[in-house]
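Each of the next two complexes has subunit A plus one other chain: subunit B in the first, subunit C in the second.
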Partner chain A sequence: MSLRPYLTAFGLQWKIGLRYRIAVVAGLVAQMWFGAVTLMAYASVYHAAPDVQAPLSLRQAMTYTWIQQSLFTLLPLGCLPAIGDAARTGAIVYDLLRPVDMWNWWLSASLARLLGNAVPRAVLLACVAGPLAILVGLGAWSLAGPASLISAALALLSITLGALLSATIVMWWNILTARTLSPLGSYAVGTPLAVLLSGMLLPLPLYPDWVRPFLLAQPFAGITDIPIRIYLGTFIPGGVATGLGLQIFWLTALTLLGRLWMRQTVNRLEVQGA
Partner chain B sequence: MQTPPSPSDAITVSNLRKTYRIREGGSWRGKTRDIVALDGISFSVPKGQIAGFIGPNGAGKSTAIKILSGILRPTSGEVQVNGLVPWTNRIAHVARIGVVFGQRTQLWWDLSVAEGLALLRDIYGVEPERFTRNRARLADALDLGAIMDQSVRQLSLGQRMRAEIAASLIHDPDILILDEPTIGLDAPSKLAVRAFVHELCRDRGTTVLLTTHDMHDIEALAERVIVIGHGRILADSPFEDLRTTTLSERILELDFHDTPPELTLPAGAHETAREPHSLTITFDPSQIPAPALVAHVGHLPGLDDLRISRPSIDEIITRFYADHAA
Partner chain C sequence: MTQSPSHTLSGPGLYRRMAGASIVAQLRYPGTFVIQAIGNFVTTLLSFFGIWSLFHRFGSIAGWDIGTVAVLYGLVNVAFAVAETLGRGFEVFGGEYVRTGSFDRLLLRPRSTLLLLLGHELRLRPIGRFLQGLFVLVAGLWLAPHVQWSAVLVLPWAIAGGAAMFLGVLIGQAALCFITVEGLEVVNVLTYGGVEAGQYPLTMFGRWLRRFITFVLPLAAVCYYPTLFSLAHPDPLGMPTWIGALSPAAGFAFLGVMILAWNRAVAGYVSSGS
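Moving on to the complex of A and B:
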C-alpha cells in the first residue's frame, strides 16, 4: 500500500492551515492577551497565599500557561473543517469513492490541519513569551526553559504523541460529523471538553487532590498537559513512563474503537444513503 | 431467469433490491417503515456502451447509481462491475471507475484545477508520464487550458463541470458513471460535454452509464435507454424503439390565410386543434403515410404553409411515464 495518498492529504491540509496568515497573527494577539491576564491572576493568587504548597510554582504555572496558549490550536476543538463542509454539501460521498483507507486518509488530513495551525503559532508565541520577553525586561513573566535537556527531549516525544492523540480525537469528531451530516455537534461537544480537560482553562495539576488522578487518566490530558509536565520536570505519579504510557494507551484505544465506529458509520452511510 | 455474467459485460446486475428503513414522526419511538427503492432489477451493460438510465424523481435511479459506485450496499441481489462486487471490494473497485455527480463537486474549492488534478494523481497513484499524457489529452478535449490555474471557486458552472469530468478520468477508468452531468449548464456547455462523452466512448472504449433528466442528453448519446420507475425496469431498449412503441404519431400543422375549411380526414388522422388561421392534425404514419396525407390536404383552398413534426423527446417520455403510472 502506497503512502502517497496520505502524504498528499497531509500536504494539502498543511498548506490550507498555513494559508491563513492573518488568522495566525490575530490568534497570537488573542493568546498573548489571555496568557497575560491568566498570568496576572496567578501572580495575585500566589502572592495572596504565600504559605500554601502549590503543586506548581508560580514560574511553573506561568510557563504552563504560555505553552498551553501557544498550543491552543493543537486541541481537538471540532471536526476537520473540510469534512464539515463535505458533510453539509453531500460531497462526502466522494470520500467514499477514493481508493484509500478512509481512517488514514482523514487522520493524515486532520493531523496536518492541527499542525499547520499550531506550529507557526507555537513558534511565534514561544519567541515572544520567551527570549523577547526576557529582552524587554519581563523575564519574571516569561516562558522558562525546560527542566533539563532530557526533559526537553522527552517533552518533544510526548508532544508528538499528543499531536497524534489530538488528531485521533478529531477523527471521532469527524465520524460524528459524518453521522449527523453537520459539523455543529462536534464543535458543541468538542470545544468545551477539549478546553476544560486539556488543562487549557486551569492547569490540571492545580485541580483539587481528589480529582487529579481522574484528570490525568482521561485522554485529553495526553494532548498538552502530559508533555508540559514532562517539560517542567514536574510530578507525574509513576514518573515520565506513566505519562508516555497513558498517551500510548489512549492513542491505541481511541484508534481501535474509532476504527470500529468508523466502519459502522460507513456501513450506515452505505445502508441509508449519503 | 439468471444468465451468467458474460466476459464482454462491464456491468451486470441481477435481482437487485434495496429497501430503506425510515422512521416516521422523526421521534425516537416512531414506527419504522420500509421503503422499496429498487424492487429486483436486472440488466447488463457491455463494454464500450453508453447506457442511459432514466426515470422520474424517486424512481430509484440514484440508488442504483450509488450501489454501482460502491457507496451503497444493496439489501439483496448481485452486482459485478469489471468483475468486482462494488461493496465488498470497495477500494479495488473505486480505483477503476470514474464518477461525476453533477450536483456535487469533487475538486477542491481552494485549489486550482491543476492542483486538484495533481492531488487526484497522488490519490489514484497515476504514474507521472501517464498523468502528463492524460492531463494534456483532457485539457485539450475539454478545453481546460485557460482555466487550469484558476481556483475552482472562481469557475462558472460550465467550466467547473468540464473540470469535474477531467477529474473523474485522470486515472483512465474503464467505466464512467455520470449522474446528471449537464444539470444547470448552458447550451454550448451541454453540447461540449455530450461531444466529449461521445468521443471518449468511441476512441477509448470507455463504458458510460448516464443518468439525466435532460432527454436531449439521452437522444444525443445513449445507444440504449433503461427506464426505471417504482424501483423496476419499465423499458430497456434503443431510444428509437421507445419512440415507436410509445408515441409514434406525427403532427401536421397547416397555416391558412383565412379560416381553415372543414375537411374529412383519412383513417389514422384526426384534427387535434383549430385556430383562426391554423389547423393541427395528428396522424399515425403506419395507417396513413405522411406523403399521402400531404397529398390529401395539399390542394385545400387558402393553404399557405405546412409542417410535419414528431413529438418532442420530452413529450414521449412524459407519455411513457404516464402510461406506466411512473
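Moving on to the complex of A and C:
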C-alpha cells in the first residue's frame, strides 16, 4: 500500500487552507474581539467573588480562552466542504471509483483542511496574545506559558491526538453528508455540539461539578480541552494518563464504528446528478 | 394570477409577495428547516447554559443577579434574530450580487434597492434563536426583582431598536461590499460579537469596550439601559434610569446613518461585469 495518494490529498487541502490570507487576518480580529469580551467578563466575575475556589484560576481561565480561540478552526464544525459539494453535484462517484481506501483518503483531506486552517491562525494569535500582549503592557491578560517543559511536551502530543480525533469526527459529518446528500445537516448538528462540548463556549472545568465527569468523558473534550488542561497542568482525575487514554479510546472507537458506518453507507449510496 | 400591465404593486405589497414566496420556498424542505431551526435553538440555549454555569459557580455574574442577565441576554438575542430574519439579502450581498454582477439587474427595477434586498429572503431559520431568546427573557423577568409594568412597553421598543441597529450593521456590511466585493467576515465582530457583548452587563467591560458599544455601535442603548429601566435597577456607572426609556431610538438613528451610507455607496457603484 502506497502512502502517496493520501499525502497528495493532504497536501491539496493544506494549500487550500493557506490560500486565504485575508480570511486569516479577519479571523484574527474576530478571535481577538471574542477573546477580549470573554476575558473581561471572566475577570469581573472572578473579581466579584474572590472567595470562590474555582477549578481554574483567573489566569488559567484566560490562557484556556486564548488557546481555545486560537484553535477554533480545529473544531469539527461540519463536513469537509469539498465533500459537501461532491454530494450535492453527484461528483462523489469519482471518490468511489478511486483505487484507494476511501476512509483514509477522506481522513487525510479532512485533517489537512483542519490543520491548514488552524495552524496559521493559532501561531498568529499565540504571538499576539502571548509576547505582543506582554510587550504592550497587557501581561495580566496574556496567554501564559505552559506549566512545565514536560507538560508542554505532553500537551503537544495531546494536541496531535486532538487534531486526529477532530478529523475523525469530521469523517462522521462527511458520511452524514453522503447519506443526506446535503452538507447543511452536518453543520446544523456539528457546530453546536463542537462549540459547546469542546469547551469553546465555557472552559469545561468551570461547568457545574455534577456534569464535569460526563463532559470530560465525551469525545469532543479530547480535541482541545484535554490538551489545554495538560498544558496548564490542571487537575484531570487520574492524571495525564487518563486524558491521553480517553483521546486514544475515542480515536479507536470512532474510527472502527465510523468505518463500519461508511461501508454500510457506500453500499446503499444514492447518487444525485447525471 | 393575471394582472393588467398597468397595475403595479405598491412597495409593501411587493415585499409581502416576495416574503411569501421566500417562506413557501423554505418550507419546501420541511426536514431541513426543522433541523436548522432546532440546531439554532439548541446552540443559543446552550450558550445561556454557559452563563448560567458561571452564575452557579460564582454566585453572581460580577454582582448581577441571574434574572437581570437573563433579560439582557434574551433582549439582544431576540433583536438579533429579527434582524437576521429580515436582513439575509444584505448578509449575502457581496457574494451573490456584487461579485456576480447581478446587482445591475436590481438597479433596473423601479423600486428601492433596499426593499428589493429585504425581499431577497425572509429567513425562517432564526426562529430558533428568537424563541429561545424570548424564553430566556420571560424567565429572566420572572426571576428578576422589581420588574416594572412599564417593561411591557419598553422591552418591545428596545427589541425594535435593537433589530434596527443590527439591520443597520448588515446594511453597512453590504455597503462595504461595493469596495471589497466579497463580504468581509470582520463585520461578524459587530453582529455575532455584538450579541456576545450585549448579553453581559456593560459594567463588566473595560472602558474602551464600553465606549465602543455605547457611542460607535449603540448596543448599550438598545440592551443595557432599557433593561435597567424595566427592572428599576440603578446604573452603577451613574446614568439616570429614565434614559433607558428613550435610548432605543439610538438603534433607529444608527439604521438611518447606515441607510445614508448605503445610498451614497449605490450612487458610486461600478459593476464588476457579468
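Throughout what follows, the second predicted complex is superposed on the first by the 269 of 274 C-alpha atoms of A that agree within 3 Å, B and C clash if a C-alpha of one lies under 4 Å from a C-alpha of the other, contacts with A are read in each partner's own complex, and residues count from 1 in each chain.
Everything below uses one rule, namely that a contact is a pair of C-beta atoms (placed from the backbone, for glycine too) under 8 Å apart; a residue touches a chain by one contact, two chains touch by 3 or more.
Values in this document were obtained by computation on a predicted structure and should not be read as measured data.
*Asks:* For the combined arrangement obtained by superposing on subunit A, do subunit B and subunit C clash, or do they fit?
*Replies:* fit
*Asks:* Tell me which touches more residues of subunit A here: subunit C or subunit B.
*Replies:* C
*Asks:* First (subunit B), second (subunit C), both or neither: which does A:N267 touch?
*Replies:* Only subunit B; A:N267 stays clear of subunit C.
*Asks:* Could you tell me if A:L156 is touching subunit B, subunit C, both of them or neither one (first, second, both, neither)?
*Replies:* In the superposition, A:L156 contacts neither subunit B nor subunit C.
*Asks:* Should A:V93 be classified as contacting the first partner (subunit B), the second (subunit C), both, or neither?
*Replies:* first
*Asks:* Tell me the contact category for A:T8 with respect to subunit B and subunit C: first, second, both or neither.
*Replies:* A:T8: touches subunit B, not subunit C.
*Asks:* Check whether A:L206 is in contact with subunit B, with subunit C, with both or with neither, and answer first, second, both or neither.
*Replies:* second
*Asks:* When the two structures are overlaid on chain A, which partner does A:M40 contact: first (subunit B), second (subunit C), both, or neither?
*Replies:* second
*Asks:* With subunit A as the corner point, what is the angle to subunit B and subunit C based on their C-alpha centres after superposing, as a multiple of 10 degrees?
*Replies:* In the superposed model, the angle at subunit A is 90 degrees.
*Asks:* Aligned on chain A, what is the least Cα gap between subunit B and subunit C? Give it in whole Å.
*Replies:* Least C-alpha distance after superposition: 11 Å.
*Asks:* Looking at subunit A, which of its residues have contacts with both subunit B and subunit C?
*Replies:* The answer is that subunit A has no such residue.
*Asks:* So in the complex, which bits of subunit A are touching subunit C?
*Replies:* Going by the criterion above, the answer is residues 23, 26-27, 29-30, 33-34, 36-38, 40-42, 44-49, 52, 54, 182, 184-185, 187-189, 191-192, 195-196, 201-202, 206-208.
*Asks:* If you look only at subunit B, which of its residues touch subunit A in the complex?
*Replies:* Contacts found on subunit B: 20, 62-63, 66, 69-73, 87, 90-92, 94-95, 97, 99, 101, 103-106, 108, 110-111, 119, 122-125.
*Asks:* Please output the residues of subunit A touching subunit B within their complex, sorted ascending.
*Replies:* 2, 4-5, 7-8, 12, 16, 19, 89-91, 93-94, 96-101, 267, 269-274
*Asks:* In the complex of these two chains, what residues of subunit C are touching subunit A?
*Replies:* It comes out as residues 32, 35-36, 38-40, 42-43, 46-47, 49-50, 53-54, 56-63, 184-186, 188-189, 193, 196-197, 200, 203-206, 209.
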